[in-house]
Amino acid sequence: MVTNSRRISNLGYISRHMPKHETTLRVRYAETDQMGVAYYANYLVWMELGRVEYCRAAGLRYRDLEENDQVLLAVVEASCRYISPARYDDEVIVTTWAEHSTRRTVTFGYEMRIAGSDRKIATGETRHVFCGPDMKPRKLPEKYGELFRAGINGR
Amino acid sequence: MVTNSRRISNLGYISRHMPKHETTLRVRYAETDQMGVAYYANYLVWMELGRVEYCRAAGLRYRDLEENDQVLLAVVEASCRYISPARYDDEVIVTTWAEHSTRRTVTFGYEMRIAGSDRKIATGETRHVFCGPDMKPRKLPEKYGELFRAGINGR
Amino acid sequence: MVTNSRRISNLGYISRHMPKHETTLRVRYAETDQMGVAYYANYLVWMELGRVEYCRAAGLRYRDLEENDQVLLAVVEASCRYISPARYDDEVIVTTWAEHSTRRTVTFGYEMRIAGSDRKIATGETRHVFCGPDMKPRKLPEKYGELFRAGINGR
Amino acid sequence: MVTNSRRISNLGYISRHMPKHETTLRVRYAETDQMGVAYYANYLVWMELGRVEYCRAAGLRYRDLEENDQVLLAVVEASCRYISPARYDDEVIVTTWAEHSTRRTVTFGYEMRIAGSDRKIATGETRHVFCGPDMKPRKLPEKYGELFRAGINGR
């Protein structure tokens, strides 16, 4: 129903439809530091992997967004709470979800834990605005809203 | 006055004494991404540079803390607000200050701007606990409290 | 035959037995630079992933080598020829093989190409010595020689 | 003398004129790994810093080359010999020189040592071609040849 979907869109359509997505990575030697644990800035790289795979699962290849539509997802805020260290060769599961989304902004939430255990290592959040290549704010093209919704309904 | 300085110490001695510290870095090519700006996780690396140089200015070589006293400064929380992009070869001034400190924890605040302009690019905060090499919480050795104070008074 | 296997071991047992190993990774946004391609130092990180997965396939979890036997695989030489750029979100297949190996040194060779195409993007080589945690040369424990051989024969 | 300078240019004008250049950096915590030393890929980042500062000393701001002339310095080959580990907070002096240069290619040589000691930690080499933003080979604009020479003669 058009009226309804428009209303949902206004309220933030991703957050209401898209389930959480899990992606797995393995801690690289390059990512450790001399404390013997993963260096703290790398968690933001892992969040990037989480949201890219979240988008892919929703039918949006982030690369296409940049290449075909000249729309970038610029970060305006990021935060991470470090709960327990990740170590070299650990398999880390990044759970990603959209906490809120409009055609101008998206906020992603993240939870990271070690595969095969209940050990939670971190939680995080990133807030983004859609921009053009000039780094000025832009709306997400309407078709991507459709893509998101299609991806979600189709699963 | 002994009584007073002890009281201050209990309340958080760094934050009350140590002035803000500025350190400068240049954005590396390696730190850019295909958006043509510095990748967002690198700001946390820059905060690390800021707090290391802050400590050095206060008379504490962070390396000695780890090597001689087996005390690590583990991050428990980090956040960054991205205000305006930093670009390749930009000189970034990181202003660092201790917002609060006890013998168990320190919270640093950061502000980053482009040298030679008033353009603020980011603000951030990191919260740390002192740990042993086993990553279990430890108190900062008493002597480092003295070192901080000496460093500050001596300037 | 004991005599023969000992002779092979002296000549470099890995290179004679172990087939090439392929591992796949996806170019991260963090790994791109403002040229719009993967930054050149990251290829050495990818070689690290290649050799770790090579070892895992041969039955050696590199992490165990460090943790249980205090043996590190220190790099003494690395080189890379960049043939064609890798771009964001490309799937890169890293083919890794041991060119030569003794109980003191290993030389790995690498070839990287884009998945789903014949496009070769780079070739490389790294030479390593086994070290103790003091960074002084050490022999690879005998049992790991066995593990390698077992891993290879058992496949 | 025109004839002579043209001949030198053909043979590689940078390598004949420009003295070695030294730049200093401090090993970041982010650059260490769990071996307690600087991770091997970072040496290529340090070489980048070396050649950028080499160019700046010669009167060429590399950023301008990209922004104003759409000329990129793409790497086609890199190698590094690791002699002795660099540790956290070490000051590393990168000595950079042009081994050979034409209007299409440059080869840089590097030597890295720890400040305040004679300890050499690494030597390296990178070979580059000048490219357009399309990553296709291009000649270095003639004026930059002049700039290099002017920078050298003027010192």
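Lettered A, B, C and D in written order, each chain numbered from 1.
Everything below uses one rule, namely that a residue touches a chain if its C-beta (ideal position, glycine included) is under 8 Å from a C-beta of that chain, and two chains touch if they have at least 3 such contacts.
Note that this is a predicted model, so its numbers are computed, not measured.
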item	value
Taking each chain's C-alpha mean as its centre, the one farthest from chain B	C
Higher-contact pair (C-beta pairs counted), A-B versus B-D	A-B
Residue-number overlap at the chain C/chain D interface, same or different (half cut)	same
Chain centre separation (chain A, chain D; CA means) in Å	37
Interchain centroid distance [CA atoms averaged], chain A/chain B, Å	28
Mean-CA-position distance for chain D and chain B (Å)	31
Chain C, residues touching no fewer than two other chains	29-30, 34-37, 41, 45, 48, 66, 88
Chain contact graph, described as a line, ring, star, complete graph or other shape	complete
Complex contacts: residues of chain A adjacent to chain C	28-30, 45, 48-49, 52, 61-63, 66, 88-89
Residue ranges of chain B touching chain A (in the complex, touch as defined)	34-37, 40-42, 44-45, 48, 66, 72, 74-82, 85, 133, 135
Residue ranges of chain C in contact with chain B within the complex	29-30, 32-37, 39, 41, 88
